[in-house]
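Paired with chain B in one complex and with chain C in the other, chain A is shared by the two complexes that follow.
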Partner chain A sequence: MKNVKSLVLLLVLISCSIQTLLAAEASVALGKVAELSCHRLERLVTLQKIDEKFLTKLVSLQIIKLTPAKPADPSYKVIASQYAGADGSSIQVEMMMDATGKGVSQTLKAGTEAQNAPVWSDKDAASLVENSLHYILESNNPEARPFASGLTSVVLKQVKTEQGETVGRVEMHSTDTTKLFEVTLKEDGTVESANTINP
Partner chain B sequence: MKKIIMLLIFLISSVLHAEVVWYPSPPEAYKLGEVYPEAQRLLFAFDYGHALVYETLILKKGTIKNPKELEKELLTRIFSILENPPYIKVDEGDIAPNYVYKFPLVINLFDWSHMLHQFVLDVLATSEDRGPVMVDRINTIYEKYKSNKAIAITDECKSMLFMDGHYFSKTFRKQFPSFNLLIWSYHWFQIKLYEALLAPTKMERDVAVANTIAQFKSLISDLPDSADFDMMPETATEAPTFAKLFPKIPAAFDNNHMLHDIVSDMITSDKVPVEKLRGEALRLGRMAQDPDAFKVPVCNQN
Partner chain C sequence: MKLEINKLSVLILISLLISSCSNKTQLKFEEYNNHAYNQAMLEKVSYQLINQRVFIPKCISCHGVSGNVNLETYASVYGFIDKIKDVTILSHEMPKSPYSSLNKEELELLATWIQAGAPEKALGGVDIPPPVVEPLEAKFLSIQKNIFQNKCLVCHSPGKEAERVSLNTPQEMIDSPLEIVIPGNPDDSDLIFVISPTARKIMPPKKSGITSLKPEEIEILKQWIANGATD
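So, the complex of A and B:
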């Protein structure tokens, strides 16, 4: 009976190990990694591990797929940048994500305090970026698909429309297409329009 | 005329706030507690904890000068309940009368959904058959849940924006980060139990449930750092076997959990004054039931 119990426990442990190994090889769409990194940024700010200016003065995300040498190595790197300072450098945080897109570590990169960062009256910059990522991941727009799968960068700008309305314009690049994707959002985070544009 | 209007309001309120009754009660009801009493008592403690935090935040709305201090005080009370959790399900009306009054529809949605949660766990914990008979039984329970359209939360997958995309969203997690993570740890525990109870043998289920309890305790051991959730745990991610066997139930649970977070945010946010709470709760409750609101074309388990 004792041997049977041991065998069963061993089988459970082996199956858990196999699942862990398989999990390390799983891949997540780069757009999803970027969206998850927005959540990670929020958590890091809430826990006061990074400054809240990463939410209010966020200007861009850069998403890099890594090649892990070991299962425990990170699979993705996302670099979040604040608006540049007077000397052109930006304060950045490099977030390392595992194969499921979960944040595992982060490193702050020094830069100059953001200058001329736009002020948003409703949702903050990070929320606007996050909403644009939800659009490419969840909409039925076929033009958005290459940006969900192969996203490499996201840049947020504040723009005044011809009607005088302040909107956020998120420009996306992808390895899966030469076109760019532009998502325009109201300050409350609602997507107004989304379409591809030529570079 | 005024009396007629008052009578109508009273009648409507009564209907909205009618006790939710699952009739007849499944023969498996609450038998999880006979097999895994510690897990069951923790689930009862979660109900208590939710009600307590909602009631406290409603009563103190607009007057909280030191959220950190309040959070510490609330956590102390909650942890004492978690260390000695109740043996029976507590009546929310007894702990949180203001919450029950202000959120009549939402209370009913939660009650009905929590019964589904509970009865699914009860079947998983006690079914002698571990194959098609057990699966059919859970599907039968799920059909009964869905048939009560007045108070069933939809099982269509919704975007996380249903939780995070409103004018009042994310307030609770910003003001009370540790409490938010405690609640996400509760949700993780509930979801993980489904997976644990799908282990093929009783011995494996015993080990898996014990591990889940131990992991839960570890998650809440040193909040906020000990609970490394960047976002609300999702059923298909934490319980993939369960999600494959029962593809529609995960979304119903996730929508329930998102509605819990919505309630927390509404109560906490200055953008929702007390006089607007009831109306907004009705609106968001209906949204939780609406299969088209924040619908996503692909669920995350696909």
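So, the complex of A and C:
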């Protein structure tokens, strides 16, 4: 009887430990990780650890889920790239994040600065990307859900509408669908439209 | 003759309609005169009382130093008294959403004070004592009551625009991946970054109309974080 009690206690403990480990492994949706990385960029600029051009010339984020071997290992890596320079290379920053999405370290990658990156008249490029991520995380649009959960990359483009208005278009890819998602924003950061596209 | 009678009927009808409309306006104003203010308190209300019970909790968040209309001094309030009456007591346009409207008690106090002529001191010489105001301290409850509630929670609350960034408890701010608060380190805490006058994305945002934090409020927040950001 005593042995049975011990066995039950042991099973409960093991189950709790597994649950804790799993929770620590994947507690944040990838769309949220991307959104947090935009805040991280702001923070690193404020702390003068990276250049302000990561906010004004940001073109893409790549979100990678890691498999931590130890609890202290990072759970996510986000690569933020500036517009490519004349030789096609980009200045990048790799941001490592823990299981909650908190930044743990960052590494700058050299590249060539773009001289002809799009200029935004109101919100900067990082804010436009961040607002598009707020949309997929907070709107009730069911088409946006696979991009909140399985986001792998976002790319910002500057386009002109038929009416001649300059808008930002954020293209998103996800592991949870083969479709693409496009969020179009005005230069003040308000979302104008959002829709999926079959590639 | 029949045509004349018809014309006369139309004229009478129009004048009856006009008179009914003006009666409605009159009624609304009489309603304000008869019910909104408290006759018994007319000689006891002062600016100090109204400032602490109405202006500070309900107006100053937007109508402070960086707002369009400053309502932080008696002179400025007195200068806008007719407008204040119009937008609060008569039309209820202020406070604007997302701030809550004035409640019945606040409306009655304000109306009574305006009815008394908006005096700086109570007309009868003896004021209703204003509520005791606790000074702003480097403690969470004081900060929550005097800063967050007035300037932040209007957006940073469940169901509101910025609910994703919670300022509810010290622990939530410490645990946030946004590093809102780093105990003992105000200089690296995001909370301090965003309220500083030179912030790229200053909080409260300019478009909100809410006035920026005063230097003494920023100093208190820094002190609280430097002391460990506990309760």
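The working rule: the second predicted complex is superposed on the first by the 172 of 199 C-alpha atoms of A that agree within 3 Å, B and C clash if a C-alpha of one lies under 4 Å from a C-alpha of the other, contacts with A are read in each partner's own complex, and residues count from 1 in each chain.
Going forward, a residue touches a chain if its C-beta (ideal position, glycine included) is under 8 Å from a C-beta of that chain, and two chains touch if they have at least 3 such contacts.
All of these numbers come straight from a predicted model, not from anything done at the bench.
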*Joint occupancy of chain A by chain B and chain C, clash or fit*: clash
*asked:* Output check: A:T46 vs chain B and chain C. Expected answer is one of first, second, both, neither. What do you get?
replied: both
_According to the stated criteria, A:K70 is in contact with first (chain B), second (chain C), both, or neither; which is it?_
neither
_If we overlay the two complexes on their shared chain A, which of chain B and chain C does A:N131 touch? Say first, second, both or neither._
first
_Touching partner for A:K160 - first (chain B), second (chain C), both, neither_ = neither
*Pick one for A:L36: touches chain B only (first), chain C only (second), both, or neither.*
both
*asked:* Going by the contact rule stated at the top, is it chain B or chain C that touches a larger number of residues on chain A?
replied: B
*asked:* Taking the superposition on A as described, I'd like to know which of chain B and chain C A:G189 touches: first, second, both or neither.
replied: first
*asked:* Going by the clash criterion at the top, which of the stretches 24-32, 132-140 or 168-176 from chain B hits chain C after superposition?
replied: 168-176
_Doubly contacted residues of chain A, that is, touched by chain B and again by chain C_ = 36, 39, 42-43, 46-47, 100, 102-103, 127, 134, 138
*Which positions of chain A touch chain B when the two form their complex?*
5, 8-9, 12, 36, 39-40, 42-43, 46-47, 100, 102-103, 122, 127, 130-131, 134, 138, 140, 188-189
*Residues of chain C touching chain A in their complex?*
164, 175, 177-179, 188, 190, 193, 199-201
*Report the residues of chain A in contact with chain C in the complex, numbered from low to high.*
28, 36, 39, 42-43, 45-47, 55, 97, 100-103, 127, 134, 137-138
*Across the complex, what residues on chain B touch chain A?*
159-161, 164-165, 167, 170, 173-174, 177, 199, 201, 203-204, 207, 224-225, 228-231, 237, 296-297
